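Below is one structure. I have some questions about it.
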């Protein structure tokens, strides 16, 4: 699953940099320069699910917005289908948005509270001149059905929906124009556990059905592991490790990746106990440490880490890492995965899963 | 402590313009001559005066031993210096008043002769006012306004704009025994209700221009005293006769329409309603106390039927015009009463209220059909009439022009005897009553309120407050 | 902080320039002629013409504006057409008066507005809240001159407790100053108190539902401490800045009250100048209020930073 | 005073039939919650957002704003005294002293206007006579205990100068400064990053062990539950649907809702196809069903479930209770589905 | 724009729609103070609109025998300085005052809002220019501004309303701009951009509806300011022309008779207080009803 046949790059980020502030600000004086994204490169292949993980503030959202050119990069470029989208005009870019769409993190704030769901979904169709009148209405109904909402909900307003339903609306809106690339910026982290699973399943189904390429931004490693093909780990504006999913989880090379995996609470009561925890907080992107940016928290840091910025290098095919010591680190302890479930439990779970198909309408 | 309705303007008699300023000057400065309550000229700094040379020379004998506040002695040279300043100062407002003076000659230290270009009967009256006030010539090199140095019974102490002017007794005044207050404070309190409240609560001893509507309650208060006298001014309606395009109305074009308007107004009722009957209804510009008042012409009575008949004759049974009104409540009240009265004769008056500056501007620019106007009045009758109705007169906003009127009024200027002048005024008055460029309505009275303890105040039709012999019991 | 102040002052320059342009244009838009007004009854066309030349009113408006700019740049604010007094002197005389009045009314407004606002917020939805709201709204909608005259009639004329009008500086005679200032300050302050009360109320309501108030309660603090220490302290931040802005407004906005109580203040100066078309004074005064306004805005910003630790280190 | 604590072996907290209603809502938002907590024990309250976890916790602390909240039934005995009926003043004396609470939002739970040292010292001064200086010492001491680096300097810091993780440590320090007997932690780590969350959870566990303090931890993360809980109470729509020792809940889940929660977790192991899901979402309180509140989403619900409230009954395991007519599932519906 | 739903389900949809629309209304209706405010305002509006039928006398009819008479059975609120019935003038005068309040605020709103939108959305030098200009206008004392506009346009009620409206424009520019800056950063605006909605439509469809509520609230509050401003302008002769009544001009005349005929000032004074109170309560109620946080 790791390298889809006919490996064909749909999107390529090349040395992307985004700095905020630094300019003269009217009120607060010289704002500190924030290096939100600092030289990030990767390729996304057609049809795969590419994940970007990292702690809060490491630049994931900024990267996502750069890819869609919702903000202008400070340096670097983004190629979509081989064409540089950072160089085209605003109107061309607007037209291109038909092809690449975004699902936002917060289903509460990302839908205009004063538009009906129908209007929200019809809007992209209208602005791209894709359908009008009766046809448009049918398309809206279609899309709503596809994301598991009854079409008559088109008349309602976002606040009348639960979080999960709203996220479906957000997905419907992103899919309305029939895009080829969809970026989800933490599309499920605002949702409850039980709802989260619904949305993840939906995304997977839609991806398969429509042949989408997905870029998922997340901080929940469990979700990532479940859904992604390849994963990039970010720390303070940089990619520190990039690998296929299984390679990353089973043989992480970067110490930060180790600790990220170790920090996940495992829903297995017996598994609690000693593990390697990171000390301290991530430094501010306004004043990133010199050398390896992780050295301030790294349990293995050596002198070289403080002075030299490690480059991303491939240690195995398709597995790159930015760590001076990658070869010398002790392997990560195996993650506890499952307990042997009692037969009764397994039986119950099967009963539960098989009892009813995927829900169509959330309201009863 | 005296409450004034407005804040005086510049305290330089040669530049000053306001009425309240004159009240202050009366305490601060002496003038050559003065007028008494019967409007006769009485000596002040000049002990006597004579007219000679066919009315072209005016000679004053001056009082001896008079000193200015700065100690400079007052003499003929000082008079000459003052008159020259009044004529020459760029910002002087007295120029037109004394335009007839060609030169001032010092005959001897206590005699001064004014040479005139032509006989000028109103000149004496001017000299009984600001034009005749004497400033210390020594103070001319500095701006006078901020600290005027005169020779009056009180000297200037301080002024806080919009608040107060404080004077203090001048110890070397030639008549110092008649002035009983060590300190006089003029306070500016524009709102008449508040002014009265201040008098009642003891912050003032006297105030000028009590609102007519407050007279009743002030009279009911035993601790207060009210004095009033019909003043020199008049109130009326001036009609745009020939000042620009807006003169083109039935009112402006046809004197019968103006007569009808005049007849439709019940002047008696007007003064009763608005002024508690304290103001006098009138049909002419001179106060009834003036020797020039034409007794053969009593205040016109209302006659709606006749007004209607006149309108019919003029072919405008129903018409409407716009009357400009100042935005003070009293003016509006008057205007609304007139409006109500006129409507009964079929005349529809639209009111346009304006603040003062706008009103003045449109008046001079001819941007009006009719205006409710008033004139504070002058001692000399000429001041109440000549410049308003003669062709090219300085304040002739109606642009009324009638050679017969011009002739009579110009003639009245070059004779000094009252009877001869009255004949001219009567003749002009007769024509004006026909033509009615200005419809005279009533004569306002000056109303003063003071503490009942205040004694010796003599109301004078000129509205001034003279402090001689005034004291607090 | 200093650089903030400096920058704000730099930004103020174009604003002030625009104010000058506006006031110049606005004034010339007004019908009426300063000289005519000055002349009053005694207007003589020849004299007026001469004066017009003397004051430069015969020149075109842009030329007059440039001329005025040059004068201002050299520190000369000109003088009053009406009284001949220098504009700086007029401002110097009236501004302290109005400042005394404004400070007094602000104090009264704060003393009334904040406690009632806090009370209304804490007792939200009870009759106390409604009463406080109704009273404050009345305070907001009763015209100042009306309240003023009623107070004068009642307190000064009937009861003879306080002088009906006048002004005494606090530095001359504090007792008299108090007696003359308290009534007008109350009249002015009543409207402000209403504004402050309403802002205090909503700020308190906003703050009272914040998490840290709950934290304070979780510590076992008693209600008065929670409200007065933890909540009010934070609710005050916007109120203090609001107060400085209100203070700026008071300088020019006290006209009617000043008129009623015959206080020779700034508002009166402005209005008289406008009515008399005393161009020089209007220009000077508006310039002065604009500067005061901008200064107050600046002070508000600075205060905001000073009392708000979140911004202090920025 | 600090040496207090229950002399008997009795429970630190015994909540019985706690029922909460809000003005304007026609239903009990918490309905008959009962649980007990021994010394040193950790109880985890789990459930979806809006199921009433926080208001249960707040009710015990006496911090529910009333109006609109009203506690219509029940008792909460803390060391033998009923917290719900005790005078406000007396409750305030306990709060922050014997009873402490940590909140979900470290960003907004500290007063931005005061230095953190003062905010901690305030809790000391409120409950102990003693000088400001002594209180400050205590504050410094407790800051060190929650492992804040350079604690002396941080005493004078304002909240905005600290990161989220630091602030949550300060909140913990503030709660622990008077060595309470019971700590209620309402989702103390939800707002934090995974790496920080792990630090904080480890810290709380350690401090709890040291002091022998009882704790109620509110969370919706089953991973966290597995890590720290001794006992678990699963809440759904205001009711406890299953309670029991942590092992029992994970190895022998009985209630369909619990099953759904566990099934919907993406496993960290090999990818196992589609996730199990619970259909639909929690209905708003106005539309809670009359019987079992989970009935609208339960694949096994029948007419009885919709009309009758299932009581909490013991399963085979001691202390393990479930409120479901169909439990155990394999017995009641197993044949049907097979 | 709205997607038509299949016929079968449209009734349910319509119901939901109606229900949602009614929610704000229902919330408003359940707020007693707001309702009281609305009733107050409505009462005065109705009285003013039907003045001809309601008022007992002709408001301009003078009666020189009934000058400044205290309230009586014949004249419930007494008579004024030239014998007109105060109650009738009060009822008729409501038109001018309410009109001045409402129309001027509309002017302020519809001039100020577009300018503020442009400044807030586009930013840059345009914003700087607009902001400096509004600052400057705010720094010019209100009275001077209003007098200048009113005097330049000529005295009449309409022009007074325009003048008051224009002088309130900067406030609305500022408020709109601030709101736009706040809403601009909302996710759904970025969402609209991500979908490819052009600027113009974002402003129209996404920004404007979401900033309207605070503007409406500010508007109801400014109505009060405007009513009082009309009184001041009337006082200067720049507002309603006599003899047509307005509360402001009534109050200004009455102030001279405060001592001898207090009823002349009490009734217009109370009328103003009540209407201002009404509008303020209405504004508060609207704010609560429109605030999604409170739903």
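Labels A, B, C, D and E are assigned to the chains in the order they are written; within every chain, residues are numbered from 1.
Simple rule for what comes next: a residue touches a chain if its C-beta (ideal position, glycine included) is under 8 Å from a C-beta of that chain, and two chains touch if they have at least 3 such contacts.
The model shown is predicted, which means the values in this text are computed figures rather than measured ones.
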Checklist entry - Going by the stated contact rule, which chains contact chain D and chain E alike? => result A, C
Checklist outcome for this item: Of C-E and A-D, the pair joined by more C-beta contact pairs is A-D
Item to check | Chain located farthest away, centre of chain D as origin (C-alpha) | outcome: B
Checklist outcome for this item: Distance between the CA centroids of chain A and chain D (whole Å) is 30
Checklist entry - Taking each chain's centre as the mean position of its Cα atoms, how many Å separate chain A from chain B? => result 89
Item to check | Centre-to-centre distance between chain D and chain C (centres being mean Cα positions), rounded to whole Å | outcome: 53
Checklist entry - At what distance in angstrom does the C-alpha mean of chain E lie from that of chain B? => result 46
Next on the checklist: Touching at least two other chains at once: which residues of chain E meet that condition?
Outcome noted: 151, 255, 258-259
Item to check | Sites on chain D at which at least two other chains make contact | outcome: none
Checklist entry - Which parts of chain B, given as residue numbers and ranges, touch two or more other chains? => result 191, 193, 197, 355, 358
Checklist outcome for this item: Interface with chain C, chain B side, in the complex: residues 7, 9-10, 12, 15, 17-18, 90-91, 93, 95-96, 143, 145-146, 160-164, 187-191, 193-194, 197-198, 200-203, 355-358, 360-362, 364, 375-376, 394-395
Item to check | Residue ranges of chain A touching chain D (in the complex, touch as defined) | outcome: 55-56, 162-165, 192-198, 200-201, 204, 219-223, 225-227, 249, 259-260, 262-272, 275, 277-282, 335, 337-339, 341-342, 344-345, 347-349, 351-356, 358-359, 361-364
Item to check | chain D residues within the chain A interface of the complex | outcome: 48-49, 149, 163-166, 193-199, 201-202, 220-229, 246-247, 250-254, 256, 259-269, 271, 274-283, 296-297, 299-300, 328-330, 333-334, 337
Checklist entry - Which residues, counting only chain C, touch chain E once they are in their complex? => result 11, 14-16, 18-19, 21-23, 26-27, 29-32, 130, 133-134, 137-138, 140-143, 145-146, 149-150, 153, 252-253, 255-256, 270-271, 274, 282, 286, 289-290, 293-294
Checklist entry - Hey, which residues of chain C end up touching chain D in the complex? => result 125, 210-212, 214-222, 230, 233-234, 237, 308-310, 312-313
